[in-house]
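Here come two complexes built around chain A, the first alongside chain B, the second alongside chain C.
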Partner chain A sequence: MKHLLRNIVDAVRGRPAFILPPSAFILLLFASCMREERGFRVSPPPSGRVQTVRLTELQPGPAQPMEVTQNAYEQNAYAVSEGKRLYEQMNCVGCHFHGGGGIGPPLMDARWIYGSDPSQIFSTIVQGRPNGMPSFRNKLNDDQVWKITAYVRSLSGQVEKDVAPSRSDDMSGPPPESSTEKKPPVKSGGIPKSAEMPK
Partner chain B sequence: MPSQSALHPAGPQAGRIISLWWMMFYVTGAVFLIVMAFLVAALARRRRPYAGEAADVPDVRPEAARERRMSHVVLTGVGLTVVILFVFLIRSYVTGRALDSLHEQDHLTVKVVGHQWWWEVSYDNSTAAYTVTTANEIHIPTGRPVLFKLTSTDVIHSFWVPNLHGKMDLVPGHENVTWLKADQEGTYRGQCAEFCGHQHAHMAFTVVAEPYDKFKAWYDAQLKPAAEPVNPSQAQGRQVFLSSPCVMCHTIRGTDAGSRVGPDLTHVASRGTLAAGTLENTRGHLGGWVVDSQKIKPGNRMPPNNLEPADLQALLDYLQSLK
Partner chain C sequence: MAVRVLCSVLFPSGVNMSRVRSVVPAVRGLLLFLVVLLSSSACSNANKDGGPSAAPQPKAPQATNLPTGAQSANEQEDGQWLMPAKNYASTRYSGLDQINSDNVKTLKVAWTFSTGVNRGHEAAPLVVGDTMYVVTPYPNILYALDLKNPGSVKWKYEPDPAAAAQGVACCDLVNRGAAFYDGTIFYNTLDAHTVAVDAATGRELWKTQVGDINKGETVTMAPIVVKGKVLVGNSGGEFGVRGWIQALNVGDGKVAWKAYNTGPDTDVLIGADFKPFYAKDQGKDLGVSTWPPDQWKIGGGTVWGWISYDPELNLIYYGSGNPGPWNPDARPGDNKWTCSVIARDADTGAAKWAYQVGPHDLYDWDGINESLLVELPFNGQQRKVLVRPERDGYVYIFDRVTGEVLSAEPFAHLTATKGVDLKTGELAHVEEKKPGTGKVVRDICPAAPGAKDWEPSAFSPKTGLVYIPHQNLCMDFEGVEANYIAGTPYVGANVKMYAGPGDGHRGEFTAWDPVAQRAVWKIEERFPVWSGAVVTAGDVVFYGTMDGFFKAVNARTGEVVWQFKVGSGIIGQPIVYKGPDGREYVAVLSGVGGWSGAVVAGGLDPRDPTGALGYLNAMGDLPQYTTKGGMLYVFSLP
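Now for the complex of A and B:
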């Protein structure tokens, strides 16, 4: 063991090619420590203008460009995960499910009935929309709605990959059937323990 | 400032723990001093010169009689160590049994649920109408055993009131129990003793031990629904509370607010602290907490609230009337 170490030290000594690349790699790893800081007090866009937001590009007269809103929470992984928590707790799941849609329209595709801009999604949540979307005015405050908005946009990949939540808080489903290993069927004593009559 | 020290026991449990601790402290302290004394003596002592040799040449040859004497010393040392460790073992076993022997019929049952980062406290009663729910402040009568049923909704927390007992973990999906009794009146500070996230350090509570009469008076006051507003400002404050997102998380019994996500605010003004022991319960602190709690306790679940100044003052008037 001692000889081995000595040999390694001798081999490496005086040869920067052996030391520099690994050291540089290790130093580079430190960069990921500063991926992002938790911003607990990021200012979301003011919500006053949202009350008059346009929902479609169709309008009389000459075409005007749609406004684009920047939601600061879309750069903040903590805020997006808080949005995900609120999405579950406010029962968005009840209609939109986990993005797949069912009673309400799906959110994981990039088709939007009332616009994909953060301010449009914000006003959809606050004002409610026909055919079932309730209004969350005075149920959530603006800060929370902006967080949900960021999460809803992350469902269709509108936010950066390193900001979007990487896992759920609840249990995930079983692995796909394609990766299930074959088990030999049990021949006799067919009743599994869980299906026995209670004694 | 309430007391938070395991060195000042206020109940039988903490008393047993501290007497075990002091015994271990004195015995191991004495052993440490003896070992250090031998070490210093060994360093200071010069070896005797061997007959016929120069005085500065140490004699390293073994000497039969001396070797025998030395082996006796070592054997005695090993024997003593075994005896001391056995005494410790038996004493700590006996203490452990005694800590677990407080079970009595005539006890009070308190349920504590840990949340990130506050404590939900409810007093069990077979009649639902007599169940009291509060937060971060536990009142117990002195001289009567209290059974604490502990659980958590999110991550593992730990319930620790050093003056009364050792720690007990709050585990999600599982109920742990611990018994304690306070013999002396007083206010004792407790704290979460298991790292539970960003605001673990700001997850404290107080245990108020008081004579049964005072405890009963407190309990009866907590049972009542919230005080009705007595002036227009308080009435407006209640309207602000009920028509804003406050109601999505908090309960005020006697009103339509009945959510169980945040602390019960029915008698919030009767409590000594805000935000799980983070702030003293004053009007200024309450206002700051409502408007921008993320500055005070970053990462907590309370969102910032941009209220109109008049609405905020009315809300504070109302919340402060909830004695």
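Now for the complex of A and C:
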């Protein structure tokens, strides 16, 4: 492996490489495949989309699959990094930190108290939630919320690696979003704080 | 409910007989008839429900003379525990000596009680007569437990604080306890209300809103009652609130006075009586001029810690919290009166003296720690002093009459400061450890929670030592842009904490000789010692650890004589009391949490070292040692 790497380095530097095994070419080829395909005119989902979103899988009668929202910003590295900037500027970082949580719950794990679907996250941000999550209605426009939503999902590896931010300009924190292990969201969600109080 | 009220109206505990005699006989007859009718039917019904009886209530003692703890006062130990710090001097010293450093090794669990709450339990139980009172973290339930029938609930009071308050509590959902005065229990709720509850019945007497959660204000401190007023302060230094202390009348909860810790002198209640000892603290409207324009309005200086009272001088003493935001670049200037020790007139709140421990605080070193009021010999003279083991790592000893610093010696590993000049009162900083925007500064010792946080120390007049629970933590700190959005965190810093020098131990328990100004002995602990301390006339010191050990230590030698593993890590304040059976008991709440225990209490993800304001980096292994769950433990000799 070391040998292979040196060959690649040499090749990049333009030095004559005695042997450049075909595997190196294949490796380089795949590397170029990993690049994000940037759409320049993508639109986030219509905000009316969040009106129909459910918070629970439980529904009387025959089982109905949960709707899944496609947020086009999750394929757009620029939008995700804008989401990261907003996440910090709007003080999301003050409660959830860089995914580990503190005042608010962690966002890098697989437990989603109020749902992991982009529409669910969108409505959590806009509406707020009763156990401490403030409502950011009128503080952010819909476009900004969709960007933050895309970034929030990148914290737990729900966004493709080539789109997720790779390195922070700040003091090193958790592993970069692009290296965060993707874990499928826990099906039943998390336990809201309110469920922990005796009544 | 209506019936119960009527019953208590008809059977008041102290009936005014002269007035009854003057009533016209016919009316008297009717009244008598009604009384008989109601007492035979309605009142017995109320009893069947298991509700409070209408028969003469077992009244809690009406003590209005709270223990001063002054060494000169020669007070009788009554075996009760009426306020978290035991007495006005905040010494946490119990005069009981049945349990001593020899026999404490046989200590056994007497009884336990589950609070049913899973967050960090920082409170001290109270013992009044034959009742124990326990306040839980949010939702701030108050339990009255019967000591004659150990662990059984006499009544429970639920203030139902707003659930949204959980989102503006910086460091878990803690509450540091209640205070007893004149048949009433007073305490604060997370959503910034102060409540007064009848100690005998659990009936709410009044409830006053003292802060606004939409601005980020919560209240976590334990109030103290001084001369018929309940003293309360706010929390929210990480949310850009403006710090204050206020006095509520015990009778009706109305505000008697309120003093801010930032802003113009009129708001800070600084007047003609204000005589700070050092030139650095003298001047007009320093609460405005030491800030960028209007920054003092969101500048912190909260009062979430401890208040002491000296009845002779009629002064209260407390410290104020950190300035906001943490990033110091946002607030050039001294930022008065944050991180300050302040003495005020107990009746009017007028400031008497102040000393800013941390001008232009750089590291979140709140000045809210306890003030122990003791008498000590200094240069051959007996002085009335105030001992403060500070967050910045020095034990400050003040002349509490004048505010002069008599001593400031380090009790922990320090890299960011070089000592206090006792002539000028200035704290010398190490230049290369000063943080700023976009700059990462490493190896700052102590870390943001300081060498010692809120966890209160104890003083024994027998040994003359101060017993200090504290941390051994350092940190890396990066200043970042801070945006003020009301009701959201206003910090502007990325922080990573880690163990200070040594084998990775993050906590210490130090016995400090305030006269010799040095440590006498020290115990190292794996995790920060986040519990309070208590010391007894039997020369035993008690404290708890975050990995769940409750320990008894020989107060003179520092030898751990006994320990017991409780269910969840301990961050509460132990107390010592005499039960109705005349025996000595030790009680403590277990239930890990708080800022240091947020990784367990809040289920945080330790992969993010910056989580919980950087504490997560130092506490990632805590879940291997403890789980959450609130439980009261009471110990006694077999």
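Structure notes:
In this section, the second predicted complex is superposed on the first by the 128 of 199 C-alpha atoms of A that agree within 3 Å, B and C clash if a C-alpha of one lies under 4 Å from a C-alpha of the other, contacts with A are read in each partner's own complex, and residues count from 1 in each chain.
Quick note on the criterion: contacts are C-beta pairs under 8 Å (C-beta built on N, C-alpha and C of every residue); 3 or more make two chains touch, one makes a residue touch a chain.
It should be emphasised that the depicted structure is a prediction, and the values quoted were computed from it without experimental measurement.
In the superposition on chain A, contact of A:140 is made with chain B only, not with chain C. In the superposition on chain A, contact of A:60 is made with neither chain B nor chain C.
In the superposed model, A:40 makes contact with chain B only, not with chain C. Ranked by how many residues of chain A each touches, chain B and chain C are led by C.
Of the two partner chains, chain C is the only one touched by A:170; chain B is not. Applying the stated contact rule after C-alpha superposition, one finds that A:100 touches chain C and leaves chain B untouched. Of the two partner chains, neither chain B nor chain C is touched by A:185. Common to the chain B-facing and chain C-facing surfaces of chain A are residues 89, 139. Per the touch definition, chain A reaches chain C in the complex via residues 88-91, 94-95, 97-106, 108-109, 111, 130-134, 139, 170-175, 190, 193-194, 196-198. Within the complex, the chain A residues that touch chain B are 38, 40-41, 78, 89, 138-144. Chain C contributes residues 116-119, 138-139, 141, 163-170, 238, 440, 476, 478, 480-481, 483, 485, 487-491, 494, 496, 598, 602-613, 616 to its touches with chain A in the complex. Interface residues of chain B, counted against chain A in their complex, comprise 198, 243-245, 248, 261, 292, 294-295, 298-299, 303-306.
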